[in-house]
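The two complexes that follow have chain A in common; it is paired with chain B in the first and with chain C in the second.
Moving on, here comes the complex of A and B:
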């Protein structure tokens, strides 16, 4: 375990240096949050029916989404991408560490550092000025933090699958173009999952992507009671295990047939 | 001027031909982009399925705004690629070469790239607008169809103008700033919905500073016979799309000012 933690720590420390860029990014997040909140407020304004989520909950959901944008597995880790494309993956195979674990540690850092850099400054803004509510209780807050960790682990397993697919395709863009829309729709980053049509809720609850964004956020606001947190964590854990196993066996196959590009 | 335009046409054709060298990849990426931008519309559709109306606007009406804005944005993204990637030219010092040539810098930068992949958004915007046209447009006459086309072109002017301003910033910052992206991508996101749902600050900003409302909801509301919108009378709404080309011309002036202030990075 030690070498992977060391990779994670070193990478995180390096990525935490980009603070100015993150601050500039926060202005972007605030703009999106304001626009999305206005859109949802307008939708709720004329609706007499009781919705599965109240307006104030939706607004909290939106701001959580802006603060924790980095949880979405929407890209590949740049070093792993370059290593595969240039053929230096040959060197990585020589290292006395597990390839899957190494890539996993790297992508974990590449998600964790931006998450901290964006979430920490954005939270006070959203709480003070933009109508985001604090966690409903201490229990909800800790359930949310645990589920956020679960989301991070799940997201890295998804991204690592894309990394492994690069052994076969070299260029990740094709696979990403197919996965991003699916992740966007079914994670709750486009619209909160409870507001999706009823007939699709079964599929939404089954797929792993809700564990990325939707269930941690709903734990935060008590939409899922803290006592049900174990269901969320179990769902995340099972899917993470499944995806890690698929990724590992695909990696084994990929390394067997690997052709090193470059020379 | 006509020489410039002729040259621009040549440059764009060359860029297009270079992108078409890999036709299979081109088609796949086009489909991918259409799919990706299509998911944005899924969200709108899902919200209407649940809520019925958006502050009194129906789905087909919002589709008119959505389609017009996305078509304009797609054209601008495609043709304004050179300005979008301009930071690279400044950082590497490549811009110095453009200054030596006897034609306008803005034309050369505009011609330096085009990204037909961005037309995937055009497919999506076109489909949404077609849906709006079929469900609303029974009574549109030629004048009104002309107004829609004018709005799309005018919208493209605003978005290209924003890309020009974003590129002009590079003269000072050298780096490209993520925040500049807010106005183009974020402006399109905002313009997909009727502007009257936003707070007064955003509304005024997008009417009088970055005139996206002028090329979208103001003429759109005339077509939908909504009466005065955003406090602007209907007769003014017919002329509002003219703000697009005006914004573009102003942004070119700012660009020229930036070019005079340019100092090479010296590589």
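Moving on, here comes the complex of A and C:
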């Protein structure tokens, strides 16, 4: 584990320096949070039907979404992108480490550092001024934290698949454009998943993306009881394993046929 | 027993060919033509422990492909390659732990990190025990004179500083084999000899086997006892540097400074290379006419102020070989 932990640590340490980006991010997230909260408040006020989530729960969900935005696998890790595009991946293959593990450690840092930088300052803001509720109980809070770790690991497995695809396509933008809408819709970051139509709920529950945002947030709010946390964690773990296995075997094939041109 | 054994290594690439111009680009959408480039064509050689081997050839000859296969990052089409008892691409991780590699055109250091942190991260990747890393680093920093740049980010280094840091980085895990791919490319007259001296010491004092690919024949002349020449994927010659000279007939140069600027100097067995005022350069083969005889026959006829005899510069020899290859 030593090389991977060292890479994670070095990368995190470097990314934690990006305070200006974090400040800009916080400002954006506050803006989006206010707008989304206003939209959903209007939506609840106009609808007589009983919704599967209360307005106050939805507001909490929205602010959690803003604070934990970094969990969403919407981009690629910049160093991995650059080494593949420039051919410096040759040097990474010269290290006595597992290439998948190396990329995974790096993307984990690239998710973790901005998560800390944004979530820590946004939480008190949202709790004090924007109507976000605290976790319903200590058990729910720990279940949420565990599922957040699960979400991080799952998100890294998704991003690493995009990295591996670069060995075949060189440019990640095509794959990312296909990935982002799917992730945004099915993770709950656009509309909380319980508010989606009945007929799509089965698919939504099956896909891995709910484990990124939706289920951890609902554990926080007690919308999923803490006693059911194991279901969420198992769902995350199974999907993470599946995606890691797919990524590893594709990487193995990619490296075998890899051609690094030029000197 | 040889440390590196390569037998009949072959590798070909498929390169997409596009006809020139707009029409070519449009046709390329519908049907793409491919050309097969034979990068390695049955290459074989052996290298013993502690050798310092130069590996030369024109651009695109297959040097880098060979080095990549030896390093385990490229899988050849056929042939075998055993380095310290392992096939590099089959046991990549175990293999790469025992080699150091410098690609002169790319840095292995992290652009934004101070040099020291790059070294530390590499040490972690190779699982070098902390106290051993400190000892190795102290030595390397001292010999390569990079103490003053250790705390600078790599992007601020000059090319010469960066190359010395890259060399240090490739040796942090004290590998028994070192691959250097154009380590002196783009360096100035002070940096080059410093790098060469360092490589020589690593080879002589630490017993590191070095394979050096280069276009700089001074590197070869000052460092290597053996040189392999590859072109179009085929091994053309392999032996001592003097054998390379003999491969093109072992020409020598006779440079004459004449008393008189207008006399024609000719000899049946010598070829005029250049004439600049009173200075005349002749090329000859000792097999056809002995040096003493040539000088005697010229001094009999002409008044000479000074003369020197040298081996033909290796640049010219190799340029001659390259030209022959391209002409063939």
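Note that in this section the second predicted complex is superposed on the first by the 260 of 263 C-alpha atoms of A that agree within 3 Å, B and C clash if a C-alpha of one lies under 4 Å from a C-alpha of the other, contacts with A are read in each partner's own complex, and residues count from 1 in each chain.
Heads up, the rule we're going with is that a contact is a pair of C-beta atoms (placed from the backbone, for glycine too) under 8 Å apart; a residue touches a chain by one contact, two chains touch by 3 or more.
Owing to the predicted nature of the structure, the values given are computational and were not obtained by experimental measurement.
In the superposed model, B is the one of chain B and chain C that contacts more residues of chain A. By the document's definition of touching, neither partner reaches A:155: not chain B, not chain C. Of the two partner chains placed around the shared chain by superposition, chain C is the only one that A:91 touches, whereas chain B remains out of contact.
Touch criterion met: A:256 reaches chain C, while chain B stays clear of it. Judged by the touch definition given at the top, the superposed model places A:7 against chain C, while chain B stays out of reach. By the touch criterion defined above, A:44 lies against chain B but remains apart from chain C after alignment on the C-alpha atoms of chain A.
By the document's definition of touching, of the two partners only chain B reaches A:197; chain C does not. The intersection of chain A residues touching chain B with those touching chain C, taken from the two complexes, is empty.
The residues of chain A lying in touch with chain C in their complex are 2-3, 6-7, 10, 14, 86-88, 90-91, 93-98, 256-260, 262-263. Put simply, chain C touches chain A in their complex at residues 13, 64, 68, 71-75, 92-94, 96-97, 99, 101, 103-106, 108, 112-113, 117, 120-122, 124-127, 181-182. Those residues of chain B that touch chain A in the shared complex are 28-29, 32-33, 35-36, 38-40, 42-43, 46-47, 49-56, 177-179, 181-182, 186, 189-190, 193, 197-199, 202.
Considering their complex, residues 21, 24-25, 27-28, 31-32, 34-35, 38-39, 41-47, 51, 173-174, 177-178, 180-181, 184-185, 190-191, 195-197 of chain A touch chain B.
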